[in-house]
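Worksheet: the structure to be examined is printed underneath.
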Amino acid sequence: MNSTTSSKPPRAPAPLLVSVSFRPVWAYIDGVREFGRFFCETTFKQPGLAERAQVVLQETLENAVKYSAPDVDGKLEVEISSDGSELQISTLSHADPEHLKNLREEIDNLRRFDPEAALIAAFARAAHEPEAPARLGLARMRYEGQFELQVSEEPGGNVRVTAVGKL
Amino acid sequence: MSALAAVGLPRLDNFSAQITPPATVQFVGVIAIPDPGRVLSTFFAALHRSVTSDGLAEISVDVRHLTFVNSSAIRLFVDWATWVRNASPAESYVIRFRTDRRITWQRTSFSVLQSLAPKAIIIDSE
Amino acid sequence: MLRANPFQSPGNSLTALTNREVRTLVRVAWENSENAEYFYGFVSGYAKSVFTMGAADRVILASQELLENALLYSLMSKEITYELGVTATEVRVSVRNATISSRVEMLRAHLIRIQENPERTYTTELERSMSGAGRRAMLGLVRICHEANMVLSASVDGGNVTVMATCRR
């Protein structure tokens, strides 16, 4: 059974444009990020969209790699979908259950603030608590990327993080 | 030789730094490695120490060709801003960031960075 | 190498069974884009990370040739879909694009020619390509068979053709 942080009705699936599956190791992130950026640049003509997608890809992939459960056969999937009005970037990974709980709380906390205020708060936290996680990445996705975030649990202990932004 | 000129440059794929005495540093490339602090925090700290050691009133940091950074790399700039904000009056100086307003991460991040140390950070956006 | 029947109709029982075993690693669907060089770079790096060197080189060659053909010969403003997948024993590269019936017939004839004598077809197309007389697509397909030693197959589904190259992992 899926559970999400949002009370909105489930979205109709947008046409899948890109799907890439790989082991959850850092070595793949650069290539997938750059490919995703070029894909968005050549597929969608909106100025700035590729850069926005770039930051979302980087931050979601980093999180997915960092917090993937240490399975020998683990895999990470990233998908890019669009219905023509919105762009969805999602990652699916087998995550540490504690991470899922923390991620839900962080996203819920972030949603209480407008994106700019949340980013300022994340910078301030980084400045005043250097040893604590600043959660800059999530705040960047919302303000710099202009994407909103959802997290859901999927069968098999998998976690899907979906970032949705307007085209 | 000034202390700034003597700062050792970091070795990192896809990223380079160049120091032009008396008071200019340029960053070029991308910083998107897992833990950029491991490679770059000593470099940033050395820049800060050398500016105070040389008694400079201002350092110009050209990031116009730093096309992308991850959030862990942004923390390096936050750390630097914090050191400058907390510096004693005798060691205080200004960091003048030269940015490219067409690059989204620069446009969004440096304005927020400035809010952490408004008297110590100037943004020149081109 | 070619399968015994290089042209399959959709719903072929063997294809349907085998498709269930396939795990898709990369799938990209895009409108006919004139500029796909960025994708070649990506699939090259990806293949080298995922597969052994021998398989990676074959996957890269097949990906480039199949995609280049689709970009050159598909109908304008129609979707092209690339898929890279694996089964327990095989790697599969396929590209699907919209096309017209005369090109399907051209493809069918060429695949049969490759099957009948792959080495001669390779030499012929290479010579034609060097003299400027041959079609680039034909050399690309025979390279997949002859240089990459992959099995080629094709299927038609309405106005779309899917060309697939497979090899052992």
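Here the chain labels run A, B and C in written order, and each chain numbers its own residues starting at 1.
Quick note on the criterion: a contact is a pair of C-beta atoms (placed from the backbone, for glycine too) under 8 Å apart; a residue touches a chain by one contact, two chains touch by 3 or more.
Fair warning: this is a prediction, and the values are worked out from it, not measured in the lab.
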Discussion item. Thinking of each chain as a vertex joined to the chains it touches, would you call that graph a line, ring, star, complete, or other?
Written reply: line
Worksheet item: Of the chains shown, whose Cα mean is nearest the mean of all protein Cα atoms?
Response: A
Discussion item. Counting only Cα atoms for the centres, state how far chain A is from chain C in Å.
Written reply: 33
Item to complete: State, to the nearest whole Å, the distance from the C-alpha centre of chain B to the C-alpha centre of chain C.
Response: 49
Worksheet, complete the sentence: chain A to chain B, mean C-alpha position gap in Å, rounds to 27
Discussion item. Can you pull out the residues of chain A that are in contact with at least two other chains?
Written reply: none
Worksheet entry | For the chain C and chain A complex, residues of the former touching the latter | 23-31, 33, 35, 38-39, 41-42, 45-46, 49-50
Worksheet entry | Sites on chain B touched by chain A in the complex | 32-34, 68, 70-72, 74-75, 78-79, 81-82, 85, 103-105, 108-109, 112-113, 115-116
Worksheet, complete the sentence: The residues of chain A that touch chain C in their complex are 15-22, 27-28, 31-32, 34-35, 38-39, 42-43
Worksheet entry | Sites on chain A touched by chain B in the complex | 26, 29-30, 33, 48, 51-52, 54-55, 58-59, 62, 116, 119-120, 123-124, 126-127, 130, 134, 136-137, 140, 143-144
